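First subunit A sits with subunit B, and in the next complex the same chain sits with subunit C.
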Partner chain A sequence: MTPSETAEEQATEATRPKQTSVNLTLRAWLRVLRRESFGLVALLLLIVGILGPISTVFLWAFTERWRYPSLLPTEWGIKYWAQTLSRADIGSALPLSIMLSLVVTGLSALICLPAAYAFARMRFPGRQLLLLSFLVTNAFPRFGLYVSIAIVFFRLDLVGTVPGVILIQLINTLLLMIWIPTSAFQGVDRALEEAALDVGASRLRVFVQITLPMVLPALGAALLLTFVSTFYEAQGALLIGLPNVRTMPVLMYSLINNQVIVQYGAVISLVLWLPSFLLLAFVQRFLRGNAVTAGLGV
Partner chain B sequence: MKKNFTRRGQNLSTLLGYLPGYLLVAPPVLLMLLLIFYPAAQSIVRTLFVANEGDGLRSFSLLRYTDFFNNRILLWNLWFTVWVTLLTVAGLFVLCMPLALYLRFSDSRIAAAVQVLSLFPLFVPGIILAFALIRFLGPHGTLDTLLQTIGFTSFRTPYLRPSGIIFALIWEGLPFTILVLTAGLRQVDNALIESARDVGAGDWQIFTRILLPLMQRSVLIAFCLNFIGVFGSYTIPYLLGPAAPQMMGVSMQQTYSEYQDKLGAETQAVITFLCCALIGVLYVRTVTRQRIGERN
Partner chain C sequence: MATLDLINLTKQFGEVVAVNSINLNVGDGEFLCILGPSGCGKSTALRMVGGFEDPSAGDVRIDGQSVITLPANRRPTAMVFQKYTLWPHMRIYDNIAFGLRLRRLSTGEIDRAVQGALQLVGLPTYGKRYPGQLSGGEQQRVALARALVLEPKILLLDEPFSNLDALLRVRLREELRAIQRRVHITTIFVTHDQEEALSLADRIAVMHKGQVEQVDKASNIYASPRTLFVADFIGAMNLLPAICQAGLLQLGAHHLAAPPSLSAGSSVTIAIRPEDLALVAQSDSAPSDTWAGSVLQLMDLGHYRRAIVDVPTLGQLKVYLSKSVMLNEGDSVQLTPMRYLVYHAHEAPLEMQQQAGEGVMVYR
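Then we have the complex of A and B:
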């Protein structure tokens, strides 16, 4: 045995425990990689496909100049925010959009919530059939239906008027505003209400103090979903509202088609997104309660 | 005689007892009749009964429809719509089924991230999506530059091509499809899957023999709503699609607004109703059956 060999042996012996631990962590990582390979590939594709387009809008909103082969904006800045927000068409479209969404949500609640209570609590022949009939709002191809409605509205002189836009936007809210509250009212424990009645509470007091607090989260979800989806409704408003009633989403059509300055569209997109972020903040509660799918009859 | 009278009185009082319920549900039901059934029925009648040139009297005629089916451009648009719809729905299932299965059976942190990202499009309205995709997929867009920097130069933009519409519509339909499919998968008991595995069933067998039959309803609902949704879409195909062929939504809008041909637009609308009628019936029947099954 030459001294160099022993030295080598000693060296390998010294490093062996270290190597195995490296091998172990490496193997553990490989195992995670293999087990999670599908998830990792999916995650990567989703990051590129979902976050890619979204982050592009964010980048453009804070860009002053972006020359083509550059991966990121060549000059950053918020110059276009002031320019965009001071545009006259936006100054009139934003309040109109907010007003329309509030009115449609309010009207929808006024019309649908009492009906939802009746569907959940009262007994009358044809109740189930009537409740299911609201599914029909989903069974028509949307734009074809809008064209049919537009022709009726044209004869009634509702085209280009605010009431016309309110009516066409109400259609989309019916199913959601009836099905989510109906299942909420059905979920209330009747025994609690009866106990309160037994100890002498009035019916109104039982409704306000017992029934209402229990359905409030679902009602809030229905109202918020209705408000946000109405705020973004573009096709009905485009067909019925033009030329006089121009909401924010309708304004976006013309900005996308005829506007050379990209930043205008990007800034408006971010402004338009605000209600959606509001919704995103409540998302946990929604998805846990399956509110989104309940509104579609799943 | 007296007995008969009291029974009639009881009948009247039960009928009166139903009245508050009917009064409360009347407003939304009437609104739906007026805003959906009435316009749709009117369109069907008006396109089938065409006014004569001479006396202006209406008589039954299929003229509107023969006109449509003799117009090559419109026919091309209809075929294009059917193809885009089928490809989009197929694409959605190919993407969402594995994702839904993964989300159902994995509770790792990566799965949580995948779920958040795949549900994110729920919060992106169509009009903003169109704008974002033009900047992302369009010529000289972000994806183009990204691919250029890693040395891939033969990028062909899907913007203003059918693939652009399909990409955007899949993007839009992703969260809804995943929600519906995972909701269906969640109803399958873990014990059932484990016992199948115990007797030697492989992954594929478990999927086709246990999961798929048990989530049939979710699959049907996802299929129907996606089909009808894509068929009746307008914003995405208008902003991202080619000038010709057009999807029916764009074609209708052009016929209605630009050519001022209301009857022509109405005929196209009724044709889209007919194309979706079967799917619509399937959707209503699927949900109805489940509801009635739950009640029993």
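Then we have the complex of A and C:
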């Protein structure tokens, strides 16, 4: 080894740390990109797939004129908001929808919560099968189910009545309202209840003061999700409710189908979207311990 | 203060007899441990005292009065569970105050009692915290405070420390013993850990397959286990089958003096504690038969050494040796039992003891 070579080597030795640190940051970034490439692609798809349509709805709702070659509306305005919201059918559909959702959610809770407690706390023959049976309504094309129910309802004079719509919408809520609370009740360790009995609490007090507070977040989530999904339910309401009972989603269907004016549909979409968005944001705060995912993983 | 009696207490789950007609009398202020392997029925027995299981037969009496018709929430017992059972949505203070509030005490009384209970378990500043912020050991201390604050007649503990690490377990055990002495409460402690039972209890009830095999002080249970199960379960024991012939117990190619009361031809089991097997010098002409063997394994366990000695025709014997004995693995040794118990059928064991160099005499 000649002295010059050694010197050269020493020189590179001296400069190496700096180079490597630059290389390292670059390489680290590349590695992050490569590692996260799936996530980035997914994010891009989400933006295109979800935000795209939503933004179109937004644009249309505030459009007064939008001619072909233009990428954005040519005239903006809220004229159609006034027109849509002043329609008589909307004035009756919105309260009806809210009332229906409240009644269905309440009835569902009344039926399902005690059942969920039984599923969680009791061992009886066919328990697992019964639990799975609630999946059935969600496992088949729902419209087929509704048509056959509609035939039965027709004989019972339930078609076109509010009770008929309530009954058909109740079916949709069963899965959520049984599975989430069941897993929530199962999550409460029996020893916690026994410890409360032990210090002298009655069974009722144990339920109210120990069990219930611990499942409340999950129950709240189930109630809100049920309310929102009922508020949006259109197929059952359409088939059983028409022509007398028109909920908001049903109205939206018919407006979009019958009118050439896109803006009516867009405005109603936004009106329907807002309350459920607020509710779901509220639910998010309730979803401690992934109550929903746990509920669906019974 | 109170006494507790279990009378022919039985619990059947379908065909399975979990607790088979057990009888126990616990004195006022006594600390009784129910010790047994998992599945022996000890927890079920405790849960019947607490009112969490209905007995199939028998009676539970507190101060002589039957309590089996009372539901759990009306029994004068308090339980500390194996699982952590503090209510997660309540602060520590409210956890402890819960039972007091049910008794409609004044706020001042409740406050005094809760603070006193927290003081007792060494957590005076923990009232405002939530259970999730406490370690396992702290949670079990609060559970103990929650049980004691109601001044129950009987304190029930169902393996309360078995989820804790070894060091903490020992510390909480000592604290529990001190607290129990201070408040002088009749206590039943269920455990599968014999060290825990031996160090805590005034008396130990050893349970096996739903039955109580022996109830006695720790030292007595160790020195004279009433049954073969207890002999094997408590501490280490060498069990050797033997046959009584001509006043001698024949075991393998060796023999030992037989208790005179034993009839010829009966087959027995001889139980020898590892510390009762003495090393004899090779040259020593011991009057009794000595057992020649070789050291298979030596384990240094701090203050003593544990050896496994292979004796032809007898098998591998456990021997505890003092540190001063110089030995290596592979060495040849001579053993002689200084003390042994003879189990025959289901009778109480006969104890035999060898005086140094004096042969064997009947001890009991």
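We adopt the following convention: the second predicted complex is superposed on the first by the 234 of 298 C-alpha atoms of A that agree within 3 Å, B and C clash if a C-alpha of one lies under 4 Å from a C-alpha of the other, contacts with A are read in each partner's own complex, and residues count from 1 in each chain.
Criterion: a residue touches a chain if its C-beta (ideal position, glycine included) is under 8 Å from a C-beta of that chain, and two chains touch if they have at least 3 such contacts.
These figures come from a predicted structure and were not determined experimentally.
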Query raised in the report: Taking subunit A as the common reference for superposition, should the pair subunit B and subunit C be classed as clashing or as fitting?
Result: fit
Report task. State whether A:162 touches subunit B only (first), subunit C only (second), both chains, or neither. Result -> neither
Requested in this report: Identify the partner contact of A:214: answer first if only subunit B is touched, second if only subunit C is, both if each is, neither if none is.
Outcome: second
Query raised in the report: Between subunit B and subunit C, which makes contact with more of the residues in subunit A?
Result: B
Query - Contacts of A:202 with subunit B and subunit C, given as first, second, both or neither - result: second
Requested in this report: May I ask you to decide whether A:271 touches subunit B, subunit C, both, or neither, giving the answer as first, second, both or neither?
Outcome: neither
Report task. Considering only the touch criterion stated at the top, classify A:239 as touching first (subunit B), second (subunit C), both, or neither. Result -> first
Query raised in the report: Given the touch rule stated above, what does A:94 touch, subunit B (first), subunit C (second), both, or neither?
Result: neither
Report task. May I ask you to decide whether A:192 touches subunit B, subunit C, both, or neither, giving the answer as first, second, both or neither? Result -> second
Query - Least C-alpha distance (whole Å) that remains between subunit C and subunit B when both complexes are overlaid - result: 11
**Report entry** Residues of subunit A that lie at the interface with subunit B and also at the interface with subunit C
**Finding:** none
Report summary line: Contacts from subunit C onto subunit A in the complex sit at residues 50-52, 71-74, 77-79, 81, 83, 85, 87-89, 98-99, 102-103, 143, 146-147, 150
Query raised in the report: Residues of subunit B touching subunit A in their complex?
Result: 18, 20-22, 24-29, 31-32, 35-40, 42-43, 98-99, 102, 106, 108, 110-111, 113-114, 117-137, 140-143, 145-146, 148-149, 171, 176, 179-180, 183, 218, 221, 225, 228-229, 231-235, 238-239, 248-249, 252-253, 256-257, 262, 265-266, 268-270, 272-273, 275-276, 279-281, 283-284, 287-288, 291-292, 295
Report summary line: Within the complex, subunit C is touched by subunit A residues 189, 191-192, 194-203, 205, 209-210, 213-214
Query - Partner subunit B, residues of subunit A touching it in the complex - result: 36, 38-40, 42-43, 46-47, 49-57, 59-60, 68-71, 111-112, 114-115, 117-119, 122-125, 127-128, 130, 132-145, 147-152, 154, 167-168, 170-171, 174, 178, 232, 234-235, 238-239, 242, 249, 252-253, 255-257, 262, 265-266, 269, 272-273, 276-277, 279-280, 283, 287, 290, 292-293, 296-298
